[in-house]
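The data blocks that follow each hold one structure.
Shared chain: chain A. Partners: chain B in the first complex, chain C in the second.
Let's look at the complex of A and B:
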């Protein structure tokens, strides 16, 4: 094999030169651009026994995330303009899916689960093909974009009590709560996302946002932050930060919250589940809720004429 | 018909015919135009994901891209139906590769002098055109349609299939019908290598010298039906395909009842900081006709009978040593019926039906002719290791080392190493930019190939290829 002769030799040298050139050119860093170069902090994430390192997540962030979330985590990736809803802006560190109270930072595990679960009704895919270590590294990496992670600690996860039994009574109580808490104003009386306020809603960046349509989908329908009853419980107890969906932790007692979960499940009319089975057994009719253990009324709240 | 042409032309040097050796230099140039298909910026535009989300370096899939494919080109995030197209989405991708190359073959038969000479040529060329159209028609129903041309503009259909995924809501029930790539996760259609000697995996097309079985080529898309199942996160994958033994050619032109089966399974597992590893195996077992009715001296389409068997089995693995370095390993033990070993079977590349060992002047049918005394099953073993150093999502350096060794020749007395192959490829691929709109890579590659006993004079045939080019997909 006489490789390095005449044209071949020149081509080989050219190839090597180009290889060296692109090796330098192709350094793995978003080093250029209008913003200052991001210093990689020694940020870590901790999920169970896993420790994620920001430095190790950098390449995967560029590979998988930066197209939407941007090289600087500011939701200005080249695809952001096409997306609805818009990608998360990591620089403000406001996250929808948390196990922590509204306004607090999520736990590392919350972010880890979000990456692996993806977000339904959005362009965020299910990244469960990434290894646990890769996901942990990405969690650490996205924490470098906001100073909040330096100044604040993640919130405490809320306590979720054991689920109560699904009964027609619990569903009826859930429906009463749905009405009392005015969930219907956004989600609609049948949970179809068509309440009177639905068309006016915007997120914290003034982008239009639609309330969740419970009635869409079948058995595979998912909520933004999970698809188990515990996930639904968490959603309305912690709120969905950055959206009009508030936290109801201060106004719903834990056991009452389970009743609301059971009712919300019945709004998923095409889903096969225990809640819809109970409702079907009652021929689809939810009776008016009657409080069997009303709190003792304070004297000043007595109805006019009472005690007469 | 690029992949078809590639797969067949790639085998020419493996057959001891001087005519093919003469054509080898030209074949090298043609092979430079042979490139795998299947990088799909249309999907990137649809979903707003960079090429690197699905491709380790396009067109090679990463685990996420493999899962997307296994789900029927769906991300399973409720944005899969065609109604979610954003303004930049049109479900068609074009790919072509203009390049300069230097091709050398050490011995080519000529009419003058000693009857053979070395041949070296350089020049510009381009790699034909792949048009890839595919995606969802409706949730869990998708199609892939790939008209592909050679550099002369002659088109063939490399893929044309419809698939039904997640039947009964289960990722274990996915069915594909039509012409499709066999489900090896080490995909030749998605290899990073493009040069004349490097574009094809030799093992995916290997045929022993004098063998007439062209139907056992893993690298050729096949016509049939495939069931594929996978776990939700795609860590476990299983598939079974049943297809005609026609090497992907349409219109059932060969055997009356000749079918082959391809079975593949693999399991991925996380190895901590090393990354996700995948190991698996495959088996291709089939039979194909060796006897044809003749019409005007030519084989009659659909008349093939006298099925004989063949098999290809092996291991495949993808091993990561951290986020930047991985190794693809592929092995094969191949075995053909002695009938194929003696030249029966191939009426595609050998339409005249000549069997030098049996009937040099007549048709290569086994009717009344039988096997020469002592004819045996040709068997061989082979392996390749392909390494990718992913310096960044934009820059990948790669090499492949491949070896095929005959373990038993069909005809006793044949040199034991006749047809042994060695193939080495090294190169890099650089994407100056990465977006979700289009793919563009500068590609530089060198490859070297040797076949024992493949030269016109029976000595070793070797060739080399240097390629500098641009790969476009948009």
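Let's look at the complex of A and C:
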């Protein structure tokens, strides 16, 4: 009996070892998983003078990214269940921070910037510890997870006109737009993320999501897609894809958009900046906006200045 | 010179015969069991919409008619359709009115123009949750121009408005023009099918899909009925 047992034991250990071997083999064999379509070797990214190569990004991806984004880029890394908001799913190629219109692929530079900037209010850190070349390689690598990169080109970056002057008038017009376009329905009338629809919001994967609270925080480092006024301009014009935040590119005129940016800055009540200085000089009171060039008698139900 | 009239005659004959021998598939969509009760929608947060409805409207995920009829089921020829790829030149329209989508289920051909209109006094955002096609999300304040788009791949796409969480509709993007959406009596009709073998698919947003194979041999009407099992919740 004892001999038999040990024979069985041996066989068991052997088969376990074999299974483990197969498992390790199986884990290492596919580069990209079943959903991927793009060739690892041929996929590149181009950011300025940098050319990223997917094949060179694999090791870094496995080391730094796969824990959350998953070996197959499907947002099913072992940490993903613990995270809120959830990591990006690269297999659907929907990205939040873009310079391109809603529904289009971001530019390589957009993705590169996202990696280097990290995502505030999420678990995505600032990866400025990685060299620019490493980040460029990672941009190329994450493309292998979706066939969209094979079939579509990145969208055209939106054109942003030179910023207009920050004036009380500009802020007042921005506030009028904030009201008219109903930004407050989600973001709240003071931008605190507490509008009437705020509690009902879910992202495109049905996970609850909060609208941005402008009033929280002391500086402007808390914006998801960058710190500059240009970045804020981009957020509402391109929308934050995969979330409830829509694009307003079709409904806000370029210069009006700057007015909205200036008003949004005043919602960041603790921020030191030009917009809040202008507002303090006016004792914190935003006057009601008066349209100096009212649209010619528009038919009922047509909002003036909507362009159509 | 003489070939032209002959060709024309042949063509006329072909067209006539195909019309003469065009079959029809028709039938009824029903359900078994007890469908979940559709809850009344509280539009209190959007008074401009609430006042458009004398009595509160209910959700439209499951709409039923008399004799267990099931509405809003897209019935279409999923294989064998003779006109794959013929994109209708006319646009389909999706209207936002009274904080509801009209129609609740909108069928369109791939690459057919889709027009989205806001007839309300409030801003909506249109967020079709496409997975195969591109996912976009656009704001449409009152009085702005229609949003015009198209989808190039077949897909059933849920549409929502993030501002008004009760708003929910469906786009059915098909690669055929042979489709119908079941109405009050659950009836559907797919006419003009030349002789051939077809697969008919019935799709309901909550109850899933069913298929049936049909062979049309001539000028005939084939009865096909679909019965979905209702989900209790």
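Simple rule for what comes next: the second predicted complex is superposed on the first by the 255 of 308 C-alpha atoms of A that agree within 3 Å, B and C clash if a C-alpha of one lies under 4 Å from a C-alpha of the other, contacts with A are read in each partner's own complex, and residues count from 1 in each chain.
In this text, a residue touches a chain if its C-beta (ideal position, glycine included) is under 8 Å from a C-beta of that chain, and two chains touch if they have at least 3 such contacts.
The model shown is predicted, which means the values in this text are computed figures rather than measured ones.
Looking at the shared chain after the overlay, A:128 reaches chain B, while chain C stays out of its contact range. Shared-chain residue A:196: touches chain C; no touch with chain B. In the superposition on chain A, contact of A:242 is made with chain C only, not with chain B. Once the two complexes are overlaid on the shared chain, A:83 sits against chain B while remaining clear of chain C. In the superposed model, more residues of chain A are touched by B than by the other of chain B and chain C. Contact residues of chain A toward chain B in the complex are 1, 3, 7-8, 11-12, 14-15, 18-19, 22-23, 25-28, 56, 59-60, 62-64, 66-68, 78-79, 82-83, 118-134, 217, 219-220. Considering their complex, residues 45, 121-123, 125-127, 129, 131, 134-145, 147, 162-165 of chain C touch chain A.
Chain B meets chain A in the complex at residues 47-50, 52-53, 62-64, 66-67, 75-79, 86-88, 100, 102, 104, 106, 120, 122, 169, 232-234, 270, 272-273, 275-276, 323-324, 391-395, 397, 428, 430, 432, 434-437, 442, 444, 446, 448, 462, 464, 466, 468.
Residues of chain A touching chain C in their complex: 92, 94, 101-104, 180-182, 185-186, 196-197, 200-201, 204, 239, 241-251, 298, 301-303, 306-308.
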